[in-house]
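Scrolling down, you'll hit the structures one after another.
In what follows, chain A forms one complex with chain B and a second complex with chain C.
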Partner chain A sequence: MTDKFKFAMYWAGSCGGCEIAVLETKDKILELDANYDVVFWPVAADFKYKDVRAYDDGFIDVCLFNGCIRNSENEEIAHLLRQKSKVLVAFGACATMGGIPGLINETTAAELKELVYTKNPSIDNPEGIYPQEKLEVPEGELELPHLYDTVRTLDQTVAVDYYVPGCPPEAHQIAAVLDVVTAALKGEGELPPKGAVVGVAPKTCCDECKRVKEEKKISGFRRMWEFFPDPEKCLLEQGVVCMGPATRAGCGARCTNVGMPCRGCYGPPEGVVDQGAKMLSTLASIVDAPTPEEIAEITATLPDPVGTFYRFGLASSLLRRAKV
Partner chain B sequence: MAQEKIGVYVCHCGTNIAGKVDVEEVTRWAAEQPNVAVARNYKYMCSDPGQDLIKQDIKEHGITRAVVAACSPTMHEPTFRKAAADGGLNPYLLQMANIREHCSWVTVDGEAATAKAKRILGAQIHRLPLNEPLDPIEVPVNPNVMVVGGGIAGIEAALKLAQAGKKVYLVERDPSIGGHMAMFDKTFPTLDCAACILTPKMSAAGKEPHIEMLAYSEVTEVEGYVGNFKVKVRKKARYVDIDTCTGCGLCTEACVVRKVPNEFDRGLSKRAAAYIPFPQAVPLRATIDPTRCLTLTGKKCKQPCLTACGPGAIDFDQKDEEIEVEVGAIIVATGFELWDPTPEKRYSYGKLDNVLSSLEFERISNASGPTGGHILCKNGEPPKAVAILHCVGSRDENYQEFCSRVCCMYSLKFAHLIKEHLPECEVYECYIDMRTYGKGYEEFYKRLMNEDVHFIRGRAAEVTDVGLSPTEEGRLVVKVEDTLLGITRRLPVDMVILSSGLAPRSDAKETAQTFGFGCSANGFYLERHPKLEPVSTVTDGIFIAGCCQYPKDIPDTVAQAGAAAAGALALVDNPTVNVEPTISYIDPEKCSGCHICVGLCPHAAIQYNEEKGVAEVITAACKGCGVCVAACASGVPQQRGYLDEQIFAEIEGALAV
Partner chain C sequence: MSDQFEPRLIGFLCRWCSYNGADLAGTSRMKYPPNLVPIKTNCSGRVDPTHIFKAFAEGADGVLIAGCHPGDCHYINGNYRTAGRFPLMKKMLEQLGLEPGRIRLEWVSAAEGDKFARVVTEFTEEVRALGPLGWNTRTPEEQAHAGQASSDRVEEAVPA
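And now, the complex of A and B:
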């Protein structure tokens, strides 16, 4: 092992896109290699948990932790990496806000299993076989991690030093974050204050969106497959639920600038406690109808409100989860 | 955050709070809370000695924040903020914790009330360190007043204000002012002729140079705030030039459409499509009914009105016109509707002839009404017997639960008028309770008891035309239980008068919304305080008067109109008024210029700065309504005094106990 800084990255409850996003930094990855020893990165290098357990506490200089806390394994490794890392970064929407897996907080693990292993129309499971957490085989007992009912964010599990939001975080933002951290480790710069959200811009997605914005009044909600939106005009004004106003800038408004509404993956801007509630409050303000009946008609055209307004943030919202 | 010294003052409010909440325990608990330097309780915090406690503690104990746990802030927040200011503390560093309306009055169990009081108080203790000192904003006041509704309340208020030298815009929806009172014949209990006492006031209002009459007009939009309202009024097209028309009525005589039900006579007579609603109308000008006029409905007409009209006032090309008026105060006096007895099917209103609503009878008994003041049945014969049914739709869970206050008296008046016109006629009053509460009212009731009227205590069960005996054949029969005699009676009569209650106008809710106040559960406009501010609304500078607030008789209406005029005058007679500094601000470093708030601001206080690409609040125009705060998805506009962090602190404080 060299005297380079030690780098770790971990993939908990998530899709793996965050890992790809790090590779998306292209030649920056070589700088990473130049400055750091990778001491743990299951997707890229062959380390085992026992290797990490063997490190001294604080051995890892910076650990990018992506994914939510979905099961007992995620939780165990979160604690382990907290212990072994000087700087623990909640990396990506799932680690910072629970992400899309956080939508399971609308229901329970049991219902999820039932859906996946029985109710799913493409599943034929007449014997009702479900995965078991424990199984006796001749060689001994096999064990799977316990699936939780409630998805938690990383900072609901362990203390977190920095947050890099995004689904996934944009490559240029990742590169910028790595530059800051490397410079600080080398004593050439300062680390941002603990708890900071890094790799983002100060305003909201609207600030980066090139579409023309005018006064907003919505007389009906539409989804993208229902019409061809005007390419110049603000999508929200065209009745598309675009989470842009409730979403932190930093991505460069990539979705809206290519004609898709913002889904809110960068999370709420500074000062906003609950992204979904804020967006709801906004829509309630701009729905343009004189009577409660007409308002009800318009809001009925909004499918899946939780999945729309809390697509990434249910686990970190004030609601946190549904009562079951 | 520097260490704050909070003073806590728990009010007993006599037994209003202390009768339920253990104020000693709440005080003891409060003293232990973070930042609390002094915690006291007092019998009446709003009294001078109570207020002095706050002032003393500011001076002697160096209190830097204060919370008064007492009644609603609507009630006494100004009182205590003033006390704080007198003591040298910025008034916005004092908060109210409402442990009366929100707690002691609505909680049955004493222990639960005490626990809740701690939460309510805890919320304010928790938020107080985040309060910022604020200074009131002084704005100019427009001296003009708008009165909406030209019934007796509106006329009275307009005249009073005009006498004080204020310019008044009197807006009336119908072609003439006068309202319901103009339809009445006599008024109880003095039996003055309604026209004799109202017409002079109507005519005075018409002639008063300070009053600009906007008849046949409706308010469509109200913007602005206390002292500075901008009101849009739609002047409906009369198709008659109001300045040229002399009110001669020749167009009415010439008009070929003659069978339009006359609203003023409640449909009991017909009018022409070109009409003057009644002879004493103010303004005395013709109106052409666009829904009935042949020309205006696109049919063929020789237009004899055009020939008949000497001054050439008729103008079929006239269009609705929208004007904008600026005023400092508004009095809303939009009146009531008579409760329509149709849903009360057992009384057969609208089904059987000679079953009349009370306003229909008013018109029949009126000398200028459809029968020339002769009380006649539909067949032209005078009735031999009349039943007057009280509380139709009133005091009834199915319809209106409340008492309309005037129906007993007008029913007695009807009985008197019938007896006066037709001494031989039998008159039955079927009542539940006789409510004659006003000056001279009980005496009037007594007088009627000597006028040979039959009083039957019991709510009528049914009105039918199915006769069971020769005396009942071909007549109306009222079935009623006489609860004093304990028997069921069948009263054969020739006319039934349904004494309906007064109902809120069917569009009361929308009107209330236009002016920015609310309605009570019964649908009438909500006053700011039922006892102490009966003519104010939650919107500063907007007052209410008359039956739009609740059913009332003419004396009460006139008194309230005067009170509303005084309220408006007290405001517009000042050059400036202080408005709350709890207004919104936008941090340009955070605003993304998405435009959501810009169009929503009801006061046009937000403008978009193209150059900077951000929204900006115009401080002088912002009224602190909070619309932009709720609307901005980025949480950028923040309202002083109601910052997100302050509200979250309150929630945390309430949940921390």
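And now, the complex of A and C:
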């Protein structure tokens, strides 16, 4: 092992897209290699948990942690990596806000298992066989991590130094974050204050979106498959539920610039506590109808407001999960 | 002291109509249950869904929004905005498992002290019948994560 800085990256409850996003930094990855030794990165290098446990506390200089805390394994490794890392970064929408897996907070693990293993129309499971957490085999006991009812964000589990939102974070933002941390480690710069959201812009996604915005008044909602949206005009003004007004800037409005509405993966902008609450306000105020009853009729056509407004942020929202 | 459940209710009252209606109920010495904590807002239209979600997240059993009657808004149309927002907000809360009776929108003018007293009485009894909500209490699973406040960001020393 060399005297380079130590880099780790871990995936907890996530899809693996964040890892791909790191590769998306292209030749920057060579700089990563020039400055850092990879000491743990399950997707890219063959290190085991026992290797990490053997490191001294604070051995890892920077750890990018992506994924939410979905099960007992995620939680255990979150605590382990916190202990072994000088700088722990909540990386991507799942680690910062719970992400798509956080939508499970609308229900429970038991209901999820029932749906997946029995109720799903394509499932044939007459004996009601469910996965077990423990199984005795001749070689010993096999164990699976315990699936939690409630998805938690990384910072609801351990202390987090920095946040990099996005599903996945944009490559140029990742590069910027690595540059800042590397410069600080080399003593050539200062680390941002703890708790900072790095690699974002202070305004909202609308600010970066190139579409023409006029007066926002809509008489109904439309989905992308129902019509050909005007390529120049604001999608929200065309009746498409676009999360832009309630979402932090930093991605360069990539989705809206290619004709897809913003889904809100960068989370709420600065100063906003609850992304879904703000989006609900936004939408209800731009519906153009003469009476509250008619506004109610129009907003009632939104089939799944929680899943739409909290697509990535249910676990970090004020209410965090459904009452069960 | 009886063992009866006393709901904790939060009331967002607009300062031009409903808050004065509440004042009138008080100065007229009308009797109504003491369960509602009134919060004066400039307009019912100012009541952001964030405020309501926060009230529930921090342990309110029910939330009342009260504003001027349609057509009487001091800011012309603030109460229309409230009314337009309310059904969608209610739908979201119901999706998250809230009973519809725990959230209520009422128009109470400055002259309707009696209506204010009646609304609070009805609402208190309705929520009392529903029982405690306890969105701020931890689930058994969360209790198992010892020593961690479920909704708080964890603050612990970060290794230097």
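Convention: the second predicted complex is superposed on the first by the 323 of 324 C-alpha atoms of A that agree within 3 Å, B and C clash if a C-alpha of one lies under 4 Å from a C-alpha of the other, contacts with A are read in each partner's own complex, and residues count from 1 in each chain.
Here is the rule we use: a contact is a pair of C-beta atoms (placed from the backbone, for glycine too) under 8 Å apart; a residue touches a chain by one contact, two chains touch by 3 or more.
Note that the structure is a prediction, hence the values are computed from the model and not measured.
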Practice problem: Judging by the criteria at the top, classify the pair chain B and chain C on chain A as clash or fit. | Solution: clash
Quiz item: Counting only touches as set out at the top, which of chain B and chain C does A:285 meet: first, second, both, neither?
Solution: both
Practice problem: Could you tell me if A:213 is touching chain B, chain C, both of them or neither one (first, second, both, neither)? | Solution: first
Quiz item: Touching A:270 in the superposition: chain B (first), chain C (second), both, neither?
Solution: first
Quiz item: In the superposed arrangement, does A:118 touch chain B (first), chain C (second), both or neither?
Solution: neither
Practice problem: Specify the partner with more touching residues on chain A, choosing between chain B and chain C. | Solution: C
Quiz item: Between chain B (first) and chain C (second), which does A:305 come into contact with in this model arrangement: first, second, both, or neither?
Solution: second
Exercise. Pick out the shared contact residues on chain A: the ones touching chain B in one complex and chain C in the other.
Key: 272-273, 278, 281, 284-285
Self-check item: Residues of chain C that touch chain A when the two form their complex
Solution: 48-50, 52-54, 56-57, 70, 80-81, 83-89, 91-92, 95-98, 133, 135, 139, 141-142, 145, 148, 150-151, 153-160
Exercise. Would you pull the chain A residues touching chain B in the complex into a rising list?
Key: 202-207, 213-217, 234, 236, 243-246, 249, 268-273, 278-279, 281-282, 284-286
Quiz item: For the complex, which residues does chain B have touching chain A?
Solution: 589-596, 598-600, 613, 627, 630-636, 644, 648
Quiz item: Along chain A, where are the residues that touch chain C in the complex?
Solution: 57-58, 75, 83, 85-86, 88, 106, 148-150, 155-159, 161, 194, 272-274, 276-278, 280-281, 283-285, 287, 289, 292, 295-296, 299-300, 302, 304-306, 309, 317-324
